[in-house]
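Below: one structure in structure tokens.
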Amino acid sequence: MASIEVNGKSYETDEEGYLIDLAEWNPEVGNFLAQSENIEMTDQHWEVINFLREYFEEYQIAPAVRVLTKAIGKKLGPEKGTSEYLYGLFPYGPGKQACKIAGLPKPTGCI
Amino acid sequence: MLHIINRSPLADKALENCLNTATGGDILLIEDAVYAATKGNAFESRLRAAMGKFKINVLRPDLEARGMADRLVDGAKLVDYAGFVELAVANKTCQSWL
Amino acid sequence: MSDVKKFMFVNRKAPYGTIYALESLEVVLITAAFDQDVSLMFTDDGVFQLKKGQQTKGIETKNFSPTYRALEGYDIEKLYVDRESLQERGLTEDDLLVDVKVLSRAEVGALMDEQDVILSF
């Protein structure tokens, strides 16, 4: 199994770099995973990451991109509930990239 | 003898056959068999009728997993994993009705 | 889209004892991406999947029951439950963690006849 090291602590990941145990996640791990994706985290990024973690806490799944986009629009305002906005923050896909940074599994139905 | 059942009584004949065949002893309901010991289940009266002949034990973690911990039938005993082991040790033989 | 088909997922197994309930849920979520007309039927022990208050810590298994509440966000809003199956298990609509439509056996059969594709779990 693969692993990453953040601040001297080791975290297990799968072969694609997704964290195995989401309970181990913390913002430093999030920052580290973001760097490995070449993403500079801003408040706008964290807003989406925190939303994803709350969504997972409530429903026990990572939302599909379409569902995420709609839910973000409802929660954070319609100007943010668009794929342009979310792909602007996470160019390789909000589902795939943002879920990885948030320490969540890859979204179900992400093909 | 300890009889272990893991199938829902409304989806499989395992518990029914056990009650009709075995001469008595301990029964331990695990996994989907825990539904047999819940109030309002269509099998409830059949299970109650067997209580004179058998001691009914129900594995607590499986009952809780299914959200049924608030409706255990009277006369059935909840056991945890340690209780499972104790039952297996206390009985000379053990049969799983798979 | 002109080729929208009616898909029904028929769920007849209790959760956790077998893998069917979780497998069905995962396929449902994937199917949602294809904009089809999806409905979910819960009958026999399948009604137990929707029981409130599931606590799976003791069996060290993922509690997937909260995910049924996410289905609305996936635009899957047709959830049906067979009335007799509820009654045989001492359950009422209040015991369920999502809003469902409760149907008679005859209505369940009629609804099955309307489908293009039925997937059984």
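A, B and C are the chain letters, set down in written order, and residue numbers restart from 1 in every chain.
Throughout what follows, a contact is a pair of C-beta atoms (placed from the backbone, for glycine too) under 8 Å apart; a residue touches a chain by one contact, two chains touch by 3 or more.
Nothing here was measured: the structure is a model prediction, and the numbers come from that model.
Asker: Determine the chain that sits nearest the middle of the structure, using the mean of its CA atoms as its centre.
Answerer: C
Asker: Between B-C and A-C, flag the pair that has more C-beta pairs in contact.
Answerer: Taking the two pairs in turn, the one with more contacts turns out to be B-C.
Asker: For subunit A and subunit B, let me know how many angstrom lie between their CA-based centres, rounded off.
Answerer: Those two chain centres are 44 Å apart.
Asker: Report the inter-centroid distance (CA atoms only) between subunit A and subunit C in whole Å.
Answerer: Taking the mean C-alpha position of each chain, the two centres sit 28 Å apart.
Asker: Could you pull out the residues of subunit C that touch at least 2 other chains?
Answerer: 63
Asker: Of all residues in subunit A, which are in touch with two or more distinct other chains?
Answerer: Subunit A, residues with two or more chain partners: not present.
Asker: Contact residues on subunit A for subunit C in the complex?
Answerer: Subunit A reaches subunit C through residues 58-61, 63-64, 66-67, 70-71, 108-109, 111.
Asker: Looking at the complex, which residues from subunit B come into contact with subunit C?
Answerer: 6-8, 10-11, 31-32, 35, 38-42, 44, 60-62, 64-71, 80
Asker: In the complex of these two chains, what residues of subunit C are touching subunit B?
Answerer: Counting only subunit C, the residues touching subunit B are 12-18, 44-45, 48, 51-59, 61, 63, 65, 88-91.
Asker: Which of the residues in subunit C end up touching subunit A in this complex?
Answerer: Touching subunit A: residues 26, 29-30, 32-33, 62-64, 66-67, 69-70, 73-74 of subunit C.
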